[in-house]
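Below is one structure, written out as structure tokens; comments come after it.
Chain nomenclature is as follows: A, B and C, assigned in order of appearance, with residue numbering initiated at 1 for each chain independently.
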Amino acid sequence: MDPGAIAFQLIIGIATAMLYWIVSSGLTFTFGVTRILNFAHGAFYMLGAYFTLTFFEVIGNYMVALLVGSLLVGLIGAGCERAFISKIYHLPVPFQLVLTFGLILIFEDMVRMVWGAVPRMMMAQFTGSLSVFGRTLPMFSIYIIIAGVLIALLLYYVLSRTYWGMQIRAITADPEMAMCCGLNPSFLYATAFMFGAFLAGLGGGLTLPISSAAPGMGENIIIYAFIVTVIGGLGSIKGAFISALIIGIIEALGAFFVPWLAIALPYIALSAVLLLRPEGIFGEV
Amino acid sequence: MSEGGAVETTVETIETVPTMEKSLIAVIAVIAASLLIPLTGNKYALYLSTKIWILILYAIAFNVLFGYSGLLSFGHALFFSGSAYTLAILVARLDYPLVVGFILGIAAATLFSAVVGTLSLRHREIHFAMVTLAFSMLFWGIVMKWRDVTGGEDGITGFPRGFSMFWFYYFTVLVVVICSYLMYRFVKSDIGLILEGIRENETRVQFSGHSTLKYRLYAMIVSGTFTGVAGVLWALLDRTVTPTIAHWTFSAIPVIVTLLGGPQSFIGPAVGTIVYVIIQDLITKYTLYWQFIFGVAIVAVVLFFRGGVVGIVERYLRGR
Amino acid sequence: MILETQNLSKFFGGLRAVDDVSLSFEEESITAIIGPNGAGKTTFINLCTGLLKPNTGKIIFNGEDITHLPPHKRVLMGISRTFQISNIFPGLTVAQNIRIPLLSRGDKALSELEELMKVFEFEDIKDALASEISHGDQRLLEMAMAIATKPRILFLDEPTAGVNPAEKHRILEIVMRLKETEKLTIVIVEHDMDVVFKMAERIVVMNRGRILADGTPEEIKDDKAVREVYLKGVEI
């Protein structure tokens, strides 16, 4: 067994994990605050990719385009919360899931109307590569790992150091108590949704250097985001980070050792966790 | 989402006797009228109505789990495609007779639902939806990757239907009506009552001395098996199976049509299916963007018409 | 001794909701558990009936260790309960509500439906939705559902909370009647001291998860510690 090869696979696995993490972080964050599991998170991810692509074509700077694009997705997220999601907090779960599913259909077709049904590729970014353990590692892997860590730090900072973050934690822990203390739930839910959508948009924009923007792109990533958040424990941000790492690394090592089983590995991990700890690694109930 | 306590249901539960009689007459009339469709000689109408019948079975089977037991599965595509692929592989790849493929296809759906049911027993609401979704996507992944057996993205073709389209229509109607009747008997039995109890208040069912896990598994297996029947019929209709029917978006169809029609009545999902297929067919004639219009319809149903079509009609019949 | 707990404890984080409680209940006795809010009364019932798992300790029913049995198995053995907040099937009819627990004892038990309807005076409302009957009837319905499983011991968690005086009287009358006809052992959590001192043969006072006092109503009335934490200001 070549230790270099395994170490290399580990890096690839961590890079995959970071992508899963970025998408899941917003999903699990919004769920934690609003108790709504947002299928449309995948649509926000898709919108992030398209907005970044378009802004890049206008501005020419990827980083700026990414930021502006994701912020715009955030605003759309807040708009959705005000217009639709805020009307369904009291409804049974099936209605909530189906409404957000309806939003996916709407957004996907809107994307088709604006950008067409054909996948769109961005001009190459981060094309270089590094030599690691005698193998070529695409620069993209390094960049996505950095982005993932930065987003983890950002979340940590926002939630533990800002006034907004403290309010969010308060309303997550005990909504009634928080309202008694004079917090404004409408404002907090809307901004929480905005922040979650912003993170989804970032995820979509960040994948542009290696994959094209396409109308169905959100439908597949959302499944991985669901697996990651359920394993981590719905609503747990720490859990999402760790379970994304687990899934990413399992996948990468699986592809190396048991390639024929690789596709099933995340699901096997999911079944194992659900059987042993139905509430997820860091979940409560 | 209060746990245990008296949960307020948003939709009316009990079908009153007069509306039940009326709906029975309506159902018989619709079935009788639909028997005339093949005689018109319109091939497209024949194809579309066969498809509607199959999707009706899919939706009613789904609703045994959802409407009666309160369990939202987002992975019914697994049972649907599981049976369809089993039939296709057995008949097209391994040269088994069609009848064997038909029966073993349904058996595969039973098996899958027993396995998924067991693995998801302790989960409810969102978790249950996620777990069923995940397992169905596992199957989708296998279908996409295991090209030698499943044909990957292209799927499997090259097996017979066993009937002409004309007779296949009558065969489908017969199978769907029989299966629906059996499911109707199931949900109106004492087991069905206990399942309704689970939907209303799972804790109280446990404290009534029943293992809710056992009954949930029953519901899952019945629902999965009849979904499998719809799956094999679907495979025969097109004489093709493709991964589309394994993808999670195919699991969303019964969810949508059930909410569209009304989950709290037995025929609600059937009504929703008819509305869904016909509207989809009409919309696609005029615009590419039928998904958009459906999205808007779904959002509107959730926000304004939570009783579904049947709920609206019932309210109208009762004059309120 | 029909039911016995040995050093039973349940912790929620750092909170000791039930702390080393050993209690036993005589057959066909009627015991009231009282104590201030948060004393651990409901948690104690939840442990005995299987809604919660204890951290330490044992529960013995009829000589059998049932500590790790799920609720439905305990129900089938003869342990039944009602909840603090009416716990019924709101979307089903009164008759269907009672049918479900009867079914747990097999189809034969269904013949008892009529009798239960009569005892609980439900004949006129048997086809009404449970969500549409009065609050007092809902409390009685829950009790009827508990009785339908043919329990030997019945835990009642504040059976008269939130009902008007007339309905309260009716509920208590039915409880006392059932105790005789069904040969029930009853454990009742109740805040109404009138009810407690009228009904109970024995009173257990809990405070902060522990047993503060345990005795006949007369003994409890005279207990200094009890007066201090609980009966202060309450006229007896």
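The definition used in the following text is that contacts are C-beta pairs under 8 Å (C-beta built on N, C-alpha and C of every residue); 3 or more make two chains touch, one makes a residue touch a chain.
Because the structure is a prediction, the values reported are computed rather than measured.
Ranked by distance of CA centroids from subunit A, the top chain is C. Comparing chain C-alpha centroids with the centroid of the full set of protein C-alpha atoms picks out B as the closest. Centre-to-centre separation of subunit B and subunit C, using mean CA positions: 42 Å.
Subunit A and subunit B have centres, each the mean of its CA atoms, that are 31 Å apart.
Averaged C-alpha coordinates put the centre of subunit A at 48 Å from the centre of subunit C. Across the interface of their complex, subunit C is touched by residues 4-9, 13-14, 190, 193-194, 196-197, 199-201, 203-212 of subunit B. The touching residues of subunit B, when paired with subunit A in their complex, are 1, 10, 66, 72, 74, 119-120, 122-123, 125-127, 129-131, 133-135, 137-138, 141-142, 145, 247-249, 252, 255-256, 259, 263, 288-289, 291-292, 294-299, 302-303, 306. Interface residues of subunit A, counted against subunit B in their complex, comprise 35, 37, 84, 87-88, 91-95, 97-99, 101-110, 112-113, 219, 223, 226-227, 230, 234, 263-264, 267, 270-271, 274-275, 278.
For subunit C in complex with subunit B, the touching residues are 49, 51, 70-72, 75-76, 80-81, 83, 85-93, 96, 99-101, 103-105, 107, 129, 131, 138, 145-146, 148-149.
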